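Several structures are given next for inspection.
Two complexes are shown next, each including chain A; its partner changes from chain B in the first to chain C in the second.
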Partner chain A sequence: MKLLDRFFAGDRAALSRVITLLENDRARRSDILDRLYPRSGKARRIGITGPPGSGKSTLADRLTARLLQHGRTVGIIAVDPTSPFTGGALLGDRLRMQGSWDDPRVFMRSLADRNHTGGLSEATPHAMTALDAFGTDVIIVETVGVGQSTLDVSDVSDTTVVLLTPESGDSIQAMKAGLMEIADVLVVNKSDREGADRFASELKMIVDMGRWEEGWKPSVLSASARDDTGIDDLYERLGAHGDYLAGEGRLQARRLRQGRSAIEKALAELWQGRLTALRESGDAMDRLSERVARRELTPLAAAREMMEEAAD
Partner chain B sequence: MEQAIMAENIRVLVAKPGLDGHDRGAKVVAAALRDAGMEVIYTGLRQTPEMIVEAAVQEDVDVVALSVLSGAHMTIFPRVMELLRERGVQHMLLTGGGIIPTSDAEELAEIGVGKLFGPGTSTRDIIAYIKEEVGHRRVADEI
Partner chain C sequence: MKLLDRFFAGDRAALSRVITLLENDRARRSDILDRLYPRSGKARRIGITGPPGSGKSTLADRLTARLLQHGRTVGIIAVDPTSPFTGGALLGDRLRMQGSWDDPRVFMRSLADRNHTGGLSEATPHAMTALDAFGTDVIIVETVGVGQSTLDVSDVSDTTVVLLTPESGDSIQAMKAGLMEIADVLVVNKSDREGADRFASELKMIVDMGRWEEGWKPSVLSASARDDTGIDDLYERLGAHGDYLAGEGRLQARRLRQGRSAIEKALAELWQGRLTALRESGDAMDRLSERVARRELTPLAAAREMMEEAAD
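Our next item is the complex of A and B:
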């Protein structure tokens, strides 16, 4: 049986294999996605992001347990960083998710970011498409530990959960500019630690001062994923956000915006491919760099010329 | 059909089955494989054969590497091998390390278990072995 036939018959090993091909095999990626994409779009997609060590994996594990109690199937994509020096990666999120991935209704995949910026790996949206087309009810995507400007997760999620800890306090001004803006729900994890209450009220103040989409102001929840407290509140807020999105075509609007951003990324990827080919073919680069060195041509004009050639 | 195998694409599950809590060896090997450019999924202590194989399937690894120091290698390796076959992923290399007598390793090799490494093995040897084996084990799928 061919791989995608096994996939559509519900074979989990085939799902796993498909994700690998989407990650590694650029030549066949688009053929596979042609088959999967039309069947995706039904899953509820929840992004979890936050600084390193804030407890994202543990929270994902607890949330998964709640989803299972409510009869949902769950797919988890957990992204960890690749070393820029060796290309290797240690993917340890399973360690923190011992409670859930062993259940036959859960499929969890660890992905290395392969030095892609933005907090997710390049193949993460494709892996989510695979889980979605496979019929998974809820997809949880967990980013690498992030700070500012690693906000890709909001491009692939219906609801983005930003996880902070009381220790995140000092960087709160910085987070106002990035991480805070993508949050649909804010969670102060490790709420048993000193300063947690004060931190949560500071966050609430910032949320109150901010400008938010009409009808939805991010709530600030306190939780301790380790002790499994506050998770029911989170589950309830996620449900409320789902209801909010369902109203007045909001989900549709969000997905339109995400579609736009996905096209932009694909466009950039295609351009990048052509430019790389052009650069590696050497001719244009050799010819133009000589002219730039002789001051006959500005670097910008040379780049423009290369781009025109790449477009042909 | 066969694509070039690059080290950064090799995925290895490192797991520690059984009840003994000695995971230092497993951690050293995990770090060494990472530094050799591999993607290492570390699942930690006290894994059952069922959990190990389930994780291997979900992660679609090339290699399952087990650290067994408890003396239970003659039950754990055959059981994991059996489950890999049941799940149709017998192309995965099952290897590992621990204190394993040569005669036991030979017996395990007969049922398809790969090389098993004893204490004091250079991680370089393990890396070389994995790269070599994965090179001719990968299967090409028709989509």
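Our next item is the complex of A and C:
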């Protein structure tokens, strides 16, 4: 039985293999996505972002437990810092995730942050497509930190949860990092720590001052993922945000934004690939460089010729 | 009289204006370069790079004085850090350049490092084309620091001078920064400082271990630009490198490399411009994002359609 047939028959090993291919095998990626993409689009997509050490993994674990209690299947994609030694993802964090690790209704995958963007791995949206097409109810994406990634977690999520801690810097820093803008729900984790209440009040003030889409203002919740407190509140708010999105084409609007971001990413990759191919074949580049060196052609005119060849 | 006519008649004010247009007026840049490019290619191009504080400006000043003594006209392009307040270049460093500032045979221009790459400004090669077409004998380009710029100083220079100081870190760091690879001449500046001799010996050892093009091994010179010592040695080595380049098509090879780098830069700009135009016109992107959101099309397939439209 072929890989994708096994995948569509619900074989978890096939899902795992498909994600590996999407992550590593650029040549087969496109064909696989052609098959998966039309079957995707049904899953609820929740992004969790926040500074390193804010407790994203633990929160994802707790949230997963709630989702399972409510009968959902869950896929978790975490982006882990790449080990400089192995080139693979550092799986240490994942060891914390004891609660749901063995549950057959949970599929967990770490992707390597090869480019060290601090945000999402390039393969993240592809892995999400796989989980989605596999029939997963809820997909949780967890960033490695607060990235300066061109691929923002809010570009792949229906709902973005921003996790902060009293230690993770003040609310002004959160604004600077652009976290306030993308948050649908704000969670102050480690709420038993000193300064947590003041920090939550500050965040609420900032939220109150902000201008938000009609019908939704980000809530500021307090939680302690480690102690499993505040998670029911989060679960409730995520439900409320889901209801909000369901109305007046709002989910459709987010999906449009996700589509646009995915196209831009694909465009950049495609272009990079063609340019690399042109460079490596070398003929055009050699010929044109020579003409530029002889001042017969400006670099811009040469680039225009290259563009035409690249477009073929 | 039109700007370019005045330029070709040797009017320095027109040269200055042309460089300003090349730096700031993207719309006119291409037409101006079409006129200037065929008249360029005769100047000797010398790049000076090194960490901040290594004395690049002072060295450029001293070298300029020597070049003037030998009857050459000199153009200096310095890349200055952008002021976060004015958006313009910080001209402080330039005030040091007292010696040749007023000489009509010297043209000095600071370009702003808008992208904070620490290397060269995007406009650098264009300004060099202008100086070259203006008939300048020697163009000296000075980086703002040791950049991680995609545009390397060695991509625009016939001869690259790497300036280091005993304080600027050890020789291992210089290797890591890729400075040893691009150096045609290495200068240990501030050679009166402690550790300068040991540092110069280390660099010589590294140079001796390296593999170099036949016929040229980078010299390691000691200098004190402030005290005007070692500059005659540098002048002599630059002359020797010029003679070396003159033989066996070596200058041609460097010019080919410069051409290639210029084409790649133009390609990236061209592509970015077309993409921006597509995004801003919006039609194609809106239509395709919608189809992607409806899962009728993968992002990659949509990107391929966009590519075709961008190529038109």
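By definition in this document, the second predicted complex is superposed on the first by the 259 of 312 C-alpha atoms of A that agree within 3 Å, B and C clash if a C-alpha of one lies under 4 Å from a C-alpha of the other, contacts with A are read in each partner's own complex, and residues count from 1 in each chain.
Convention: contacts are C-beta pairs under 8 Å (C-beta built on N, C-alpha and C of every residue); 3 or more make two chains touch, one makes a residue touch a chain.
Please read these numbers as outputs of a predicted model, since none were measured by experiment.
After overlaying the two complexes on the shared chain, residue contacts for A:Ile32 are found with chain B alone; chain C is out of touch. When both complexes are overlaid on chain A, the residue A:Ser289 reaches chain C alone and has no touch with chain B. After overlaying the two complexes on the shared chain, residue contacts for A:Pro299 are found with chain C alone; chain B is out of touch. When the two structures are aligned on the shared chain, A:Leu21 is found in touch with chain B, with no touch to chain C. Touch criterion not met for A:Val161: it reaches neither chain B nor chain C. Of the two partner chains, chain B is the only one touched by A:Ser110; chain C is not. By the touch criterion defined above, A:Met307 lies against chain C but remains apart from chain B after alignment on the C-alpha atoms of chain A. In the superposition on chain A, A:Lys2 contacts chain B only, with no contact to chain C. Chain C meets chain A in the complex at residues 30, 33-34, 37-41, 125, 252, 255-260, 262-267, 269-271, 275, 279, 285, 288-304, 306-308, 310-311. Interface residues of chain B, counted against chain A in their complex, comprise 3, 6-9, 30-31, 33-44, 50-51, 54-55, 57-60, 87-89, 141-143. On the side of chain A, the complex with chain B involves touching residues 2-4, 12-13, 16-17, 19-21, 24-25, 28, 31-32, 82-83, 86-92, 94-95, 98, 101-102, 107-110, 112, 114.
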